[in-house]
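Take a look at the structure below.
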């Protein structure tokens, strides 16, 4: 997995772990030649884009001491900083958290919208969920809510529903409110696919849940799906040995209600058979950073540290809302060149060297990418499995952890 | 650095010292024989009791289920905010809070305040091992370790179903212990969690898994043999079948019989000691189970005492937790099938003293404590947080040591429950020495930690000092001094420093031929490479790596 | 003792006043009140740094000069009275269990979230999710009365399970989403997608709202309950007036819900 | 004591503690409210055989009722709270729920709670609707004419049962006329009901019987046809008929006020109208704690 090369013959690296989308693929093949990284096989388009590096020294090079000094001064002066983006491995997350505990401020991740849409269900009622290996081997009926998951998770079906499974011989995919593209169809091979058009997946899903748990609602169509088609889907789900509901909350609206209805559907199914929710998400280690906050602060993301004590609020401390009250933005994005959101006050960027900001930030500290320049740990979307990222080349830039720890005065 | 504790009374049952007035000295984190040399620091103890740091061999402190519990129990977190200590402000991070599911830092701090220095997470799933170790690395002031949950994983069930030779099972167990950096093997509802994935709602000791046709008995005996032959010091740590089900006393007795004299640790025995007598079809079977434990020296137990109040139950036993989710309070719960490995269920719970079942559970736990005779084979646990948070230990210790107090508490409980327990007639009171055995000496011995749980030269300088107090709850609520690896971390019940802990792991010899099979298994079924499943030493404790106990196998 | 707090200057960061109630201030000297630590932005500051503190009339806390960043005003109030002369931020009256919270200006998001009793009177507009479930909590407002003079934002009454929310102006989209019980009475207009997932509960409306799918129109009925509410609940007297009939729509039937919209 | 020629005997009515409650019944019209009131309080003359004693207390004008419709107030009394909790929902369910256009409200605020809709709401099979404002909860039960609106519960009072007067007159016609005048006057008193038919009972009883199974039997001392036959006849020769009026009330004072109003009305009929005396039923003062001494009640009138 990990390999360092000096200039010379290109090196093929097998079983590379990918930390970008949260699906946790760990069988990528990459070619490394000097500083150049070229995706070769088992790489989805998004990972290919993010892995690819050219044989150029990272132009600016590491930030000078003065840059760190300036960042420290900004932090010391800030009364209400926001630590956002948080695209970092666990160790980077730890360093940011220590910094935030020292200075106070809000912590949120760039990809937390979907997470909190799901939390609207899971924090309020809990849910019955499942993980990738269970889906791979048990799932005979998969309910996809919304559009084709492969848009954001390129190898989803290949990973979740491989042709061979331990406990089921058949795979039936029901897509509610969307359709599958060519890539998805190719990955699914011989699986049965039912596409169920719906213009309002919340309503369609609600009706589906009601059909599973009680008397069917009256009407010919629900949320744009016909009652007949929904009844068929309900029968398939009830007849499944192990049904799984998946959705990508980040791509749905209102995603909180989708999550709630899917949770309810799965609860109803478990009365007589087995089923689980399998929410998709987890870009840029949002799952891992969230886990870290839970065990360190007892709260998920969107938590403010205010004078050594923390407080969580899913809306007030979302990045967008928090920035309205902030006097400093610390933007961390090591996995991809994602620019910080617009903000009037001072901005410190600790991120991918290719980040292009609309207005130059007050401080820019380029860092390496976990899984390319540095080893590190990221969590898969299920929050249970975490993966060791390896380094593909010699780092010329610090890791997030290294950069952030330089911002803390030595005790 | 030489530190001397003067004028204390040493309570060290492992070395047969019962409140012996003598100095205790340690140098660079290890206890040494007392010398006359000048010490870097001396503490005058004025007759206070000096013990080895407490060791909790069963407390859920890390891993995915605890984070799920934290997510679900924001009420608990809000009700117990950060304990900000003015004497350490600016340099101290006791971040987070919570009582039923405290954060990593709060766990380390609260345990330290009670005089505990080593705690074992008893249910680490292999799939979640990396996360559990990441979390444990963030627990200050405690050494930790984790028991790996096996017996519901499809790999081993397939092996058993296919009649794989014991050597191959042993190799798998050895590989898994190493790969997940675990300290012992835990079995949770043997095969039951797996059976639930095939829609079985219960599985008794001799019922066959609907898919594999393997019984819990077979899983249990196979894994007992494996750890015995691999030489893992701690016996199989068993959370048996039918947790919480009235009538599970028969299962528990049958389980003890199934060991055929091999060592087995029955965990949170209280939850497995329920009869079906009386109008409510729920009764205490503590007496008959204690009798069987007394008669079988190969058996050790911890109690999993129920303590009244709000808590949250978190267990790998999804089958049982799904059954109990209707009792959730507040009414919400999480369940999860996990990675062809096991599962988990998180159900918030409030034990109420006026509730018949809860009150009787409380009494059953205490009956077990008082009826199991050998203090070296029974351990003080609440199965934190399942029976109650570990911060209730001082209260529990007083219940054990003070009969009048115990009976006064009993008198306030649900009246019907009072009539269903023999507790009021039990006169036994634990001695201070016995408490020291339950909470230090015996756990160290059963875990095979030779340099812990005692104060002889060579021991790790994990030391707790408590002022004598006739009110044992007050005495054990706040340690006077606590040293971790010789470093002062608690003074007068308040944390004054954070010391990094280590993580204990075991390593066994095993036939590496199993790796080929595992590579194929992980590739084809799990969808994760075995080499990425495996944790390197450098992934533990922020790169400092584990403290390894090498096992000598061969016995059977 | 009761206290008047006068905000010295507009707030530069959010300030959380949760727990600053007449009961909490009772028996405190002014200097002790000034020394109370309040979360402000990423820090903790003494109350006296932001407010001028003086003694006031008996039994109540007065806050002069509100601010849209002044969060948690009246949160956890169980008895007594808090009067704000100005605006408040988020979470005003969160978990309010008794007493009276009166605000002369506007309020931010989640006014009255998780409230269980007592009364809130807001002269101006409220933000999103009036009476909803606080972050992480299962259910919304369970009791008491929230009377809003102006309008309210989106998802008013979300997961509400009791009590009365009265809005003099309009409410935003998706009002009463997943409402469990209770009453949301609106003198003005509802937004779109009203009532989705309603289990129980009542919306009082002057015109048929833009309802989510899943409502059955049961027609117009002479409802004795209207006459009763108009007389028994003073807050509803003006809204219901002399109406004796209402059109009754029931939903969300897609989830077997029996919430209702009464249009009169 | 003699008033307008009527002898107010030196006797007293002996009454018991009872627990009672008031219900306000409204309907679209006064007639339907009264119908519901009458039916609900029907077959409720004596706890001995009916389980409770009940009657219409008064008619309530629309402007005074909770929903602005015409109404009546009824009172229901039982010997203990447990019985009251049984009998009230039973009558509510059979007689008010069923009666067209009605609604039913709590008529007493304080005291232990007597369930109303709390018990009968299940009739609506899950379609019942609860509304709670402040501490008050009411229910709406879908029924075929619309909705039956009913409070969750009502309060209760510790009242007085068994207040009474006996009207001794020369003839049956005169006794009945005097009794009718009394009933008319007593009905104006708030807080009382006269549970017997038309307010009057002609079969007054004594405690006990020669038949072991019976608790009570005819009041032979006051039966004119047994004069000189019964052991202790209380009737002078000129008395040819006796009528009794039994009073249950929410308080001692209410029963006393009704007693006085009744006596005054009877005395207004006077000896000219054939009334000889007014007496009261008691058991020697050993059974009931409440004693309504006729002469004390009428004190100052003579």
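The chains carry the letters A, B, C and D, assigned in the order they are written, with residues numbered from 1 in each.
Keep this in mind: a contact is a pair of C-beta atoms (placed from the backbone, for glycine too) under 8 Å apart; a residue touches a chain by one contact, two chains touch by 3 or more.
Keep in mind the model is a prediction, meaning the values are calculated, not measured.
> Have a look at C-D versus A-C and report the one with more C-beta pairs in contact.
Of A-C and C-D, more C-beta pairs in contact link A-C.
> Calculate how many whole Å lie between the centre of chain B and the centre of chain D, each centre taken as the average of the chain's C-alpha atoms.
It comes to 70 Å between the two C-alpha centres.
> Averaging only over C-alpha atoms, locate the centres of chain A and chain D and give their separation in whole Å.
The mean C-alpha positions of chain A and chain D differ by 75 Å.
> Indicate the whole-number Å distance between the mean C-alpha point of chain A and the mean C-alpha point of chain C.
Distance between chain centres: 35 Å.
> Distance between chain C and chain D based on Cα centroids, please, to the nearest Å.
48
> Could you list which residues of chain C touch at least two other chains?
Expected reply: 135-138.
> Which chain A residues reach two or more other chains?
119, 123-125, 308-309, 312
> Find every residue in chain B that makes contact with two or more other chains and list them.
Answer for chain B, listing residues that touch two or more other chains: 74, 331-332.
> Please list, in label order, each pair of chains that touches.
A-B, A-C, B-C, C-D
> Which stretch or stretches of chain A touch chain C in the complex?
78-81, 100, 103-106, 119, 123-125, 200, 202-203, 206-207, 209-210, 213-215, 217-219, 222-223, 254, 257, 260-261, 264, 304-309, 311-316, 325-327
> Give every residue of chain C touching chain D within the complex, in rising order.
143, 145, 162-164, 181, 183, 200, 202, 221-225, 227-233, 258, 260
> Which stretch or stretches of chain C touch chain A in the complex?
The touching residues are 12-14, 16, 37, 39-45, 69, 71, 90-91, 109-110, 128-129, 133, 135-139, 159, 174, 177-178, 196-197, 212-214, 216, 252-256.
> Report the residues of chain B in contact with chain A in the complex, numbered from low to high.
62, 64, 66-68, 70-72, 74, 77, 81-82, 84, 89, 91, 93, 95-98, 101-106, 125, 127-128, 130-131, 134-135, 138, 154, 196-199, 211, 322, 325, 328, 331-341, 346, 524-529, 531-532, 535-536, 539
> Taking the complex as given, what residues does chain A use to touch chain B?
Its residues touching chain B are 1, 15, 17, 24, 26-27, 90, 94, 98, 101, 119, 122-134, 136-138, 159, 162, 164, 166-167, 241-242, 270, 273-274, 276, 291-292, 294-300, 308-310, 312, 377, 379, 383-388, 411.
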